[in-house]
Structure formats: C-alpha cells, structure tokens
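We just call them A, B, C, D and E in the order they show up, numbering each chain from 1.
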Amino acid sequence: MSELILYLNIIRRNPIYLAGLVIVSLFVVVGLIAPYILTRPGDAWGLTYDINKRLSPPSLEHLFGTDEYGRDLFNRVLLGTRFSLVIGVGVVALSLAIGIPVGLIAGYVGGKAGTALMRVTDMFLAFPPLLLAIALAATFGRGLSNTILALSLSWWPWYSRLIYLQVSSVRNLPYVDAAKVIGISEARIMFRHVLPNSLTPVITQATLDIGSAILEASALSFLGIGVPPPTPEWGLLVSSGWRLISVAWWVSFFPGLAIVITVLGFNLLGDAVKELMDPRLRNLLSMRRV
Amino acid sequence: GLPGRPTTTTPTTTPTQRMIIYASLSEMTTADPSTEFSNSVMWLPLVYEPLLWYDPITDKFIPALATNYSSSIDGLVWTFTIRRDAVFHDGTPVTSHAVKLSIERTIALGQGAAFIWDPVESIETPDNYTVVFRLKYPAALDKIAATAYGAYIFSPKVVDYAGASNLTDPKVAEWFNRGNEAGSGPYKMIKWDPENEVVLEKFTDWWGWKLPDYPMKSDNAPDIFKIKIIKDAVTQETLLLSGGVDIAQYVPLENIEQHQRNPNLQVVFKPSFQNLIMLINVKKPPLDNVLVRRAIAHAIPFEDIVTVARSGLARVASGPVPHGMWGHFDNLTFKYNLSLARELLTQAGYPSGINRKLILTYTAGDIYEARTADLIKASLSQIGIEIEIRPLSWEEQWALAQKGWEDPNAAQDLLIFYWWPDVVSPFTYLYNMFHNASKVFNLCYYENPEFNALIEEAVTLEGIDEARALQLYYMAQKILYEDVPAVPLWDMIDLRVARAGIGNLDKAINPAYPTVVFAQVLDVRG
Amino acid sequence: MSEEKLLKVSELTIHYHTVEGIIKAVRNISLEVNVGDSLCIVGESGSGKSTLGLAISLSLPKNAVVVSGSILYKGRDLLKLKTSEVGRYRGKEISMIFQDPATTFNPLFTIGEHLTDILRHHFGMSREEALERAVELLKMVRLPDQARILHAYPHELSGGMLQRAAIAAALSTNPKILIADEPTTMLDVTTQAQILDLINSLKRELNLTLILITHNLGIAGEVCSRTAVMYAGTLLEEGPTEDIILNPLHPYTAKLIKAVPIITKTQGRLSHIPGVLPDLRNPPKGCPFVDRCELATPECSASQPEYFRVGGVRRVACILYGGEHE
Amino acid sequence: MRSLLEINELTKYFPVKTGLFGRVVGYVRAVDGVSFKISEGAVFALVGESGSGKTTILRCVLRLTEPTSGEILIEGRNVTQLRGKDLKWFRRNVQAVFQNPYLSLNPRMKVKDLIAEPLKTHTNVSKNEVYRKVAEVLALVGLPEIVANQYPPNLSGGQAQRVAIARALSIEPKLLLLDEPTSALDVSVQAQILNLLVELKEKLGLTYLLVTHDLSVVRYMSDYIAVMYLGKIMEIGTAEEIFSEPKHPYTLALLSSVPELNPQAKKLKKKIILPGEPPSPMNPPSGCRLSNRCPYATKECVTEEPKLTKITETHYVRCLRHEDLSSLITREA
Amino acid sequence: MPVPREYVVKRLLLLVFVVIGVLVITFVITRIIPARPEFLWAGPHATEEQLKRARQELHLDEPVHVQLYYYLLDFFRGNWGVSWRTRLPVLNDLLTALPATLELVIVAFLLASLIGIPLGIYSALRYGRIADQIIRVLTILGASVPVFWIALIFQTAIGIWAGVLPAGKRVDDYLAYITGFKPITGFYILDSIIQGNLPVFIDVLRHIIMPAFVLSIYPLSLSSRMSRSLMIEVLNENHVRSLEVWGVPQKTILFKYALRNVIVPVIASLGLSFGYTLVGAFMVELIFVWPGLGYYAGMSLLSYDYPAIIGVVILVALFYSLINLVVDLIHAWLDPRVRF
C-alpha cells in the first residue's frame, strides 16, 4: 500500500507519466460511461442517420465532423471507447485465463505434460504477432466475440511463457523448499506459495497490454476481418474513412487519433511502471546532475 | 513463359512515346479469344477485331473487319464483305477463311459466349473476302457479330504456333493462355502478367490508322496502353491523383463531385445493368408472413441508400429488371413510408416490433453493400425490427443460404447481393432468383407455380411475340411486387475518372463493351 | 607534515538521492593515508564503506551528491577536478577492485581485451606490447597459463581467477593507491586465503598504499596496519589494527569484537548488540550508536561527538574519552 | 546415546546433460559415499568449501533430492521409503532453516500465517489455539508480538531469520537442519542468531545438523565435525579433535584460511594456503581428491584413493600421509 | 567466436520443430475449426461436384491424423492449394510477391535499426534531459500509432497534398518502360543497379522511401526504446564502473564496451521486430499498392480467398522462424555466453 502511494507520488511528479495515468483513467471512465453520455446515441449505435449532413467538416455542432451517413463522428468515437475497452479487457482477460493455467502447470508440475504444454506454447509463438490472429479471425468470421477470441488465441502464449519462466524460478526458491519440508501439500504450495509470487509481473504486463490489444483489434478491423459495421470500433472507423480521405479527412483522422492517444496512454504508463519496478532505474529517476 | 510468370518482349520504341495506364479492378486469368468470358474483355477488343462494332446509344454499327454487310429479307442469310488491307499481327492477311475458321472454332469449343452463334447453320466463303452465314432461324446476326465476347477473328496460323493438329486442339488454348495473341486490332499485346498488368503496344500496320475519317481511331492514340490491376477503388483514386495511373476504372463515389470540379480530372458516366437486391427468407417466421415482408419493403429508405451508398450514382430499383433494359417497368417501386410499415406490422400481429434479431448477410468487402445494409438496419430499427448485420465471404454466405432449402430456420433472414445478366433478358433475373427450380440462387426459397408458369411462357415468346412476352413479364413482376420475396434496391450507374489531358474518353467508352476503353480513339498529346 | 600525506579526506559528507528520500551514506568523515600505509575500513553492511571508497576513486554513482568536505590527493582536491582532469587521476593514481569478481569484467570481452585497453590508453603501447605486458601482469598475480586466460571470457574463469585478473587490471597502471572493496566476500574460504595472501605480498613487493574495505575484523588483522571503524556513515574510531582489536575504545567496536566467534577457543555465549542500525535517511543527531549503547548519556544524543586523540596514534569519536581533544 | 540420524554410504550423482538430445555426458559427484551418525542432542557440523556437497546431503535428508544410493535412517526408519503416516511423522520431526531468511519466507504471507502454516498442517488445534501458539513461539525466539502482523520483506535480516527458526520449531521437531543459517547476516546479527540457536537447543533438547563453511561458527556451536571436500568426507571427529589435532592437510588449510582476529595468535600460527582452484566435481583428480592442490602430495596420493582411517574411536581421517603431517608442518616451519 | 556446430544443429532441429508446429496449427485452423472445410477450399460458386472433389483432395473422410499426413505431404511437395481469386497455385503467387515485400521490409528494417539504435543510445546518454524526454515521447508515440493510420496520413499529406513523393507503386511505369528497365531478381533496387539504370534507381528509391519509413516507425521505436533502456542498464553495471576506475576513457567504455552490450541483445530481439514489420507490411502494402505479400494478403482477406490467406500465413511464419534462427546464430556468435 505504501508502495502504491510512493509510485503514485513519483508518477505525479513526472509530467510524462502523469499524462499516461490521466489518459488511461480517462479511457477507462469514458469506456464505462460512454453509452450514457452520448448526445446522439442513434448516430453512435448506427441506428439513425442524416443524409443532409453527409460529410460535414468538424464544427461546433459536430466536433469531429460527420461521416458519409451524416452521423456525428464525435459520438461514434466516444462510443468506440466502450468497444475498445471491451476488446482490450476481453482479450487480456481471456489470454490470462488460458495462459496462467498453462504456464503454471508447465512450470510447476513439469514432467511430460509440462513439457508438452510448453512445446504447444512455443508453436504458437512461432507466428509473428498478429499473423495468427489474422488467420484465426479470417476463419472465425467477423464479430466482436470472434475478434476477441482470435486475438486471445494468439496472445495467451506470451503470458503462458511469462508465467512459466516466473514459476520455474519461483519454484526453486528456498521458501518453496521450506514449505515442502514442513509437509504442506503440493496443491497448497502451488496456489498459496508459487502462484501469488509469480503473478505480479504477468498481471502488470497484462494491464498495460490492453493498449496493444486495442491496436491489434483495430488492425483486424482495418483489414476487414474484425468487428462488423456499423459498430463504431475505431479501426473500423478509420478503415471506412480510408476511401473518403481526400474529401473528408476527418472521418479517418479522429478515430485514428483516438487509438493513438489511448495506446500512447497505456505505453506511457507502462514505461512508468517498468521504471518503478526496477530499483536501479528508480534511483536514477530522482537523479540530480552532479 | 509459364502461366503466372510475366512474359516480356523488349520494346522496340523510342522514348518519345505516349503511354496511358488504365487501372483495372479485377485481374485476368484466361486469354483465349474464342472462349474468354471474363475480365480479359478489357483488352480483347483492342487486340482482336470482330466483323462489326455496335454503338447502343445511337443504335448504329461501325465497320470493323467487315466493310459492309447485307441480309436476306427472311433474315436467314447474311453476307459480309471483308476488308482487303487488314493484316494480323503476325503479318498474315485477314481473309474470309480466317473469319470462318475463327467463328467455327468458337462454335466448336462451345465455351464462354459460344451460345450467341446458336442460330448459325453454316458459314460459306465464296471468295477470299466474302463470308456468307446461313441461319437455322431468323436472328439479328449483325448484333451477334458485334458482341463483346466470342466474336473475335484471329490468325489461323495459331495452329502452327501452338504446334497443334487443328484449331480445337487444347494446345491452341494453352498457347493463347500463355499470353500469346494473333489478332488484327490496333494494339499488340507485349506483356501478359495477368495478376498485375497487361501491356499493349500500337500495331503500326493496322488498317484503321490509314483511314482519315474512320470513327474508331485517333491520330494521337497512345503508343503504349497498359492495363494495371489495382483491385481497390481508393487506391485507384490515389494513384490517379498522384499520377500513377491515367484512367481509373473506379474511384470512391463520394469523391466524384470533387473530381468533377477538379480541373486536372474528367469524369465520364455510363449506364449499367447490374443491380442490388435484398432477398427475404420467405419460409422463416415471421418473414413467412407477407405483411411483415411488405412492412420491411416500405421501411427501406431507397433514396437515402442511393445517396449514401452510391453517392447518387444509381437509380432506385423498380422491380428486379434494371432500368433501360427491355422488360423493365417503372411503377414497381416500394414507397418509403414508415407509418405504413408500422401499420402493416400491426396488421401482421407485431404492433411493437419483432422480438427477434433478423440476420442480414452481405458479401464482405463490398462497401456499397455494406452501406446499404447499414441504412437498412438503421431504418428498420425505426419500426421495431432489429437487424444483425453479418458480412460474410461469398462462399460462406452462399453456404449458409443453401441450408435454407432444407431448413429455412438455419439460414439467414435477409441477404443482399448483385445480379447482372449473362444473356440480356428479364428471364435471367426472374428465373434465377425466384423460380423454385433454381435452387442455387433462389435464396428467398420462393415457390409460386403461377409465377413459374408466367416466366416459362414469356421466355419462349421473346423471339416470336415481343409484346405478349412483355405483358407476361409484367404480370410476373407484379406478383413479385405483391408477394415481396425480395426487395430490389438499386440499379447501378457506372463511371470512369481520368486525367484531364486525355481527349475522346467518352468516345472510347461503350456500354456494349463493359469495362473496355478503346485506346485507339483516345487523343493524347504532350 | 602535511606534505607527506598522500591522501587526506576531510569532513566528507555524501548523500544519495533516491525516490525513497535522501540517504546520508557518509557523514563528516576525515581520514589520512600515508605513502605505504595499509588502512582497513571496517563496518557492517550499509555503513558507507563502499561510498567512501568510490568517492576516493572518483567513481561515485550518478545519484550521489558530495555535500561537503574535500579529498586531498598530494595536496590537490580531487572533488574540484575539472572533467578533463579526472582522467589523470582515475586508474593512474588511484585504482580499485570490487567485491563481485563475476561482474567486474564485461562479459562480452576477453580478459586480454580489458587489460590491453587499459595499458594502451595509459602508456600508449601497441597491441603487441600491451599483450606482452598483460602476460607479465598475470604472472605477477600468480595466474598460471596466462595466454589462455588472456583469451578467456569472464564466464570461463572461476571467481578466484577473476579476482586475480581484476587485481592485475587495477595494478597495471602502477597506481599509488589501491582500494580493495571487500575483495574476498564472494569467494570461497580457501580462495579468500589465497587472495589475501596475494594482496599482502603485492603490497610488500610494490610498496602499495592500500585501502582495504571489509566487514570482517579478522581480515583487517591479517592485512592492514591501521584500521578505521565505520558505523551508519560515520567514523567511530581509528588507529593501529592491533590496538583496536586488543583494546577497542569505542563501545561499538568493543561489542563488535566480542560478537565474533573465535576459532582458537571455545566460548560460552557470544556478546551481541541489541537493536538495529539507524535509518540513514534520518540518522540520529548525536552519536549514531546512541540507541544501542549501554553507556549512553543524554549528552550523546545532543550532538555528534568530536574525535578525541588517545595515545597519540588513535582517534575515537566518543565522549567517554573527552579531554584529549584532537 | 542412540543415534537420531544415521547416514550410510550416501551418494548423489547429478547427471550432466548436453542441450542437444539431452544426452548424459557425465556426472557431478556431489556426494560420494558419505557416512556418519548423529546422536540425539548433539550438534553435528558439515564444513567444507563451496561445492563440496554439504547442501546436497542436507537436501537428501530432507527428501528434497532423491539420493543415487545409500541409506538415510531417522530413528532407524529409512527416510527414502517413508509413506503416508510415517512421512507425516517425519515432516513433523525433521525441520530446517536455510541460509537466506528473506528467500526462505514467502514474501506475501504475514508472519503469523507463516508460523501457523506448519501448525495447521500437523496439528488439529482450533484457530484461536493456533494463534496463541504462534505468539508463544514468537516469544520463544525473542520477537515482539507486533511482528506477527508484518510481512517478511519489512523485517530486518535478524528478525526474519528468527521467524524462520520459529516456523521450524513451532511443531517441536527433534532434528533441525541448519544450512549456513548466519552467512547472510552481519556479524552482530550473527551473534544473536547463534546465541539463540544454542539457547533453544538446550531448552528444547534439539539435535542439529549444521552446514557451514565458517569454521568459527562451527567452533562455537558443534560437538562433532565432518570436513568435506568434493563430495567426500576428509576428516571426521569431535570438535576438540578437529580443532586441536587436525590430521588432514585440507582441514589444516581450512583452519588457516580463517582470518585470525587475535594478532598475537596470528603470529604463532602456521598457515597452509592451498594453491590453485578446486577442480570440477565432474572429473575430480584421481587418487586423493586433494592431490592436485595438496602441498604434501606424493606420487602415491595421485594413484591411490585413501580410505577413512581410524585414529581414535571418534576421529577418522582420509589421508595417506596423516601420520607424517605434524612432522611435515614443523619441518617447514 | 566460432559457434559450436552442435549449437547450430540444435537450432536447426528447433526450426524443424517450429515448422511442424506452424503447419499443425494452420492445419487445425483450416481443417478443424471450420465446420465444413470443403466449402472454404472449393471456393466461390462451387458446385456439388467440386465440393465432392474438394472433400477427396482434402481427405476429409479419413481420420484426422491421415489428413494431417496428407497436409504435410502437400506442403512439402509445394502443393499449397489454388487461389480462388487468381486461380493460380498459391505457392506460385507467393513466390512472385515475395521479393517486393522483402525489399520493402529490409529497407524498413535498415531504417529502423540504423536510426533507432543510435537514437536510443543518444537518449540514454542524455538521460533525464530535454533531448531524452523528447526522444522518449516520440518513440513511445511511434509504438502507439496504428500503422495503417499513419500510412494513410503520410500518403495523403506527402503523396497527394504536397505531391513530393509518389503515393504508391514500386516504380514509375512510364520511366521503367522508356528506359527499358526489366525486373530480374524482383528486388528493384538491385535490379536497377545491375542494369546501371540510374533514373529508375532514383525513382525506385523515391517510391520505397515513404512506405518503408511508415513501416519502420514501429520497429524503430521499439529498437530505440530497447537500446535506451539497455544502455541505461549497462551504464549501471559493475563492469562499466570497473573500467572507469581503471582509467579507461569514457569514449572507449561507451562505444566499445557498453555498445556491444547493447547491440547484442538488440540483435537478439530483432527477430521479433522483423515479425512485426512483416505483418505491418500487410497494411502498408495495401495502402501503398505495393505488389508484395501484404498486398496479396490484403486482397485475399478482402475477398476471403481462403487458400491464399493460409498460404501467406504459412510463408510469413516460416520466414519469421528462419529470421529468428539467423538472428539467434548471430547472437550466439556475438555473445560467448550463449551456448546450449
């Protein structure tokens, strides 16, 4: 707890990190309340349109302009936050749900089953990031849950490997030996002693990965294999504005900007966390020129 | 070279040449002038020539390899006089024998558009420059000889080039498909890389260049005409704007107005027989109720769809047969009227809307379908019908739709897709999509014996009693209007956008030869 | 007198700036080292020994701040050197070796590469000359099979061998002062004996001035003529090693010595020091040992005690010895 | 006194595999035919430098490693074959304290839960009873009660090691194995822990097996000592015998490698410094394992493997020249 | 440092394992996940007849392991199916498209490492100062930008509005035509050099620079951030401190010693960013009409050309594994500690 306060204090003092924290908090909050603060919910959900306002440039009435249906882009981008949040959290949570058990069993139980699990993990890791997701998404077809599933299935091995490495080192720590000597059951050792001490880096990494998951999902949408229209998913908005770019640059510009800012927020925060976790870098943080 | 490998001939030209790059939306696969029935039409009419060209707008014929022709009064004997100074690219003179052999090969192979020659009983060559056709039944052979597919004349020497025993030997087709040609047209093909580009070079010995008043030529025609395959409208536009291509087959329609104002660009429109239709699963509740179907039909904002999806470059459909085609009637449009739609739903027993999400599928990747679907969803939500849009690959969509014949509940509710004619007749529209013998494309699962009988009779009357046939087609379409197994949405208007400096573009485009740009009439200076 | 002092540290105070706060690692320390001296700095973990050593060798980490004091080397204040001058002292006049031989050398370079780079820089030798000299140096630190070792990467050598190579590297420039920061802590007992033996003989052979940092009083007894005892960043007492061990003046030193089990005799109970080290972010105002000292008086916590001279050669910072002011 | 722990010809070879195909290319002979007995109430010390196999023996006794061969008997029961109830009995009666207290305590559990864990595993007392017992044990090792609610990383080294000891002792074992229990600690803290261990042993009638390389700690604590080198016992005897009449050159070297605090004693002592590096345990030298580093080695020493020779009832040495050793040393001096 | 043969053999065996892994996973994706794989295989407008043939060709009526056997057999025989879109053998299509992608990716990759690594090191040396902060924010930004979006913006701003660089394609067709430029290797930069065709060479560079730069933004940021943090880490290592106290000049410590400590792990992780770049090329090629694998993949995705998609996935995964192998061997060669 005091650590957390310390971290927050450090972040507060560094404008870059603070920006990260603010962006991420804002993203989460907006993602949660977006459906309730829309001024034009029909436009946002794609249930209304206004032919007379097609492709109007940004103005006070339409901050981000309108799209080819005359829908207010600001509202669509705002609602897109919700979808990005769902995708980001969904992908990361599902990946953890697969990755943690696999990594834990492979790392702690070991043996033939463990080796086999790690080999399977390695096979998945043989695909460059996103490639496997593309193949899976193309097979599953478009849809929100299919997108989340495709991304998670290509994502979990990273967590599995991380947990595996963590567990393999933790299981050799003296406190695990000490627990065995005391006669504690294997299951209890695994869940009470090994798992909690292996989880922190994975959970931290996973939290920060939400940004990357959003980025990848938007790439799938752009390639036409992500969520289907008229979902106001940001990547899809950019993609549908692609063909309009020379008449209406705003249609793809603002959703793209939303992606950039959100992912930037996660990455800034990630950088902060990385520095905070590393005590050596932590000292340097407050370094004064000598 | 091998198929798929680009074959290149070193150009023998000087650097002062004029080149035009035409961006094509679709790649090509085959190149046999007798059987080609697909995208190679983009260049076939430049490299090969038929006997005549047809201009549907003025309803006139332009001489091609035939300088003139006549027909007997009963329409059963047609005589064509062949041009004396025409030579094939290999140097062989064009003669009546070459014409006879070319057309007979098409007939013998029986592929692609070979059916156009069905009326022909025999072809005779009284001398080197006269061809006589004898027909089994009366037909307009001039139109047939001018079709975009299946009417091209090529050098009989291809047998030797291919090392074949006769013209129908598959080796000849292979030779063509390897990227070889033996035409007589104004351009020679010098590169065949069917996935990326096809390059044509001016054939200097073409007879047309020497005729001062020939309408199908220009003194400033490009020396090189390159067809570049760029499968996407946005990219075509980008390249057009940045100078990478000169003529775009397609650009995003939203930008057309802007391009029209752009002094560096020109835009040319033309009609098209392609239309978009929404098929309704008439066997899946609640769509089995005709009132519900009518409600849906009246809740579709046709005008808005045309504006948004096609930026106005389409006409609201009136029946499944598109505008401008024989068999089209103007009073079959559904009125967009939400209160009527709500009323119909109430009558059908759904006063507060339908309590199930209807699944609407379309072919993924098509922006016009996507936007149409989007607006249909938006509009139907106004009358309490929720739509779930599912963009699918064509094969998935079709596979899903096929299930409907066995189990309508397993199939989609609504399906939108394009139709365009193979034979230009209302019959192809009405039979394929609505006759219950057509399981492949009747994806509304509509079964109506009365309707079937009407169109079956109409098609047989087409050549004998046009008026009666028209009447029957009207009755059939009226039935569809009442039963609403489908909602025809819009009929397409086609267009080309090009660099402003290219003269005669409108002349180079002819609706009878879709996608073709007749390069020889283009006027390119500087 | 002062001319003979090779090194004179006066009232040195060093802080570390960290996220958790300012750590006062070295406070107000004064020391003198003569040519040929061997001085041991003894103290428990965290007492600031390494910080002091790094300050003298001009290699403090970037987050260290010298708050006050001076380090006079041959009369010149090392803390006031310009950046361009640092190179003339570092390595050349004062060199250092460290605790963990496994991380002393860059793992991607051979031992020979390290040695020749030092030699070529300091003496402008050619590669061949430097290699020859490197072989001699390895011989000097009693490493066998010098050619092999020159071509070996650090991970291919044992800790003892690496520590010898480090000594060779540190001595390659003929420095006047060698600072050895716990050079044997990471080594095995028998290897430790070897290295101490080596340091002892090199000290004699090369007439080295040695500053040895250790937490093991026994090592001080083995190697150094004089010893300084540090506690919580301050210097508690200083004097000839033998005197300090046999007759510790400061209550802390006395307790520390009684806490060490002695191999030559069986003992009853070891004496131990109750309590814990003070927090260096916020050290006591007075004597740092005041909280753990049985003899403490209120006066002890009032202000930091001054050094008192005892018997001419000894200094101690404890008011028990008041009167004999320095 | 009967022996509590008896080890007979204990051997542990670790196979060394290549990365490729996992082929076994050799064995690390970590422990090679070690035998000794510990009688109840005694403190038995294993000393020797790093890699000599001390920890491996300990791990074999604790069943954390499967021995290659040999017997380990606790009160006559073969440890490696214990199952079920016997195993439970074994776990309750044999406990250990490791070198680094921070690493041997789960950083995410409160001290009270750490100490309660063995109690809950081995006794079925009520929850209240457990925490009362925890408080009792904490008092036993001299820790204030507030420590109970702290997490190990927030404790000082000495406190943490006390917690580890408390945890081991909470279920009142008979045998306590100590693997370098003080080498991670500062001198002043080390003294606290050593005193505590001695105190507890007397109070609770414990038996210790102590592993260390610090001879001064051994001197302070132990009754019996086994000196190990490369997996073999070189010399074994009572503390008195080993310290005052060492018979093996390696023992002598170890003794002289301890930096002597007393400057006067230092001057009197003859030092033996072993040259060279300890050889790889994968291929130890032939004959006597010390032969390549021993200043007194002869040709015989290289060819002939010495046996443990009895000197007194309790004192054994593995050296061909042990009889000449004292004369050799004096001659050199 | 010579790398032991056994290490090479081990890595090669690992590659075989990886290849089989890739194939097994793609097999699962094509055969097991879809409810009716023959539909995905037979393609658009397939007739009953064609579906039946597809079932036979895919051995769908046999047990799974037999299907897998034939799948592997087909793969090694070069029978990767026929594209629905181009109706040509997929492998053929892929090999035609490969050089264009490689050229683009290699240029992007060179940009990424040649700019990214020095930038990161510079940033580390200016730790905490303005320059460092700016570089940091920029590189974090670079890692946050969707490649397709930035590609669109560059293309519109530079290619269309400013018109400074071509907005797409690999070479100006007219120029290529009049100067008689012919692709030989498919790497246009190389081809223009071989033919001594300076105008085309310049034109090719003008065409490649924008897509390559856009593509390099992500790996550039990655390598810059990585070298920055590695440099900071290395400068805190004991061995840097010991060279310092031994009087080795800063320049030597930084640019000889520390630099290698940075470069070696960066190289070790280059494989990963090569993977990113390869997949990023999908979108960049699509936008810049670059007729490589990415363009092919993009087109195949748009038309759901299933055999082609899977073909691209397999080829890219194999290529990625190969690059990883090479990178690992280079790493082993540079770092004496990496063995087994």
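In this section, a residue touches a chain if its C-beta (ideal position, glycine included) is under 8 Å from a C-beta of that chain, and two chains touch if they have at least 3 such contacts.
Predicted, not measured: the structure shown is a model, and the values here were computed from it.
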item: Minimal step count in the chain contact network, subunit B to subunit D; value: 2
item: Selected interface, A-D versus C-D, where C-beta contact pairs are more numerous; value: C-D
item: Cα-centroid distance, subunit B relative to subunit E, in whole angstrom; value: 39
item: Where subunit A and subunit E are represented by their mean Cα positions, the distance between them in whole Å; value: 23
item: Euclidean distance of C-alpha centroids - subunit A vs subunit C, Å; value: 50
item: Computed distance of Cα centres, subunit C from subunit B, in Å; value: 91
item: Per-residue multi-chain contacts in subunit A, two or more chains; value: 224, 242, 245-246, 284, 287
item: Contacts with two or more other chains, residues of subunit C listed in rising order; value: 61
item: Multi-partner residues of subunit B (at least 2 other chains); value: 238, 241, 364-365, 392, 396
item: Residue ranges of subunit C in contact with subunit D within the complex; value: 44-45, 144, 158, 160-161, 188-194, 196-197, 215-219, 221-222, 241-242, 245-246, 255-257, 259-264, 266-267, 269-273, 276
item: Residues of subunit A touching subunit E in the complex; value: 16, 119, 122-124, 126-132, 134-136, 138-140, 211, 215, 218-219, 222-225, 235, 238-239, 242, 245-246, 249, 252-253, 256, 259-260, 263-264, 266-268, 271, 274, 280-281, 284, 287
item: Residues on subunit D engaged by subunit A in the complex (per definition of touch); value: 59, 62-64, 87-88, 91-92, 94-96, 98-100, 103-109, 117-118, 121-122, 164, 167-168, 171
item: For the subunit E and subunit C complex, residues of the former touching the latter; value: 236-249, 252, 256-257, 260-261, 264, 334-337
item: List of subunit A residues in touch with subunit C within their complex; value: 6, 10, 282-288, 290
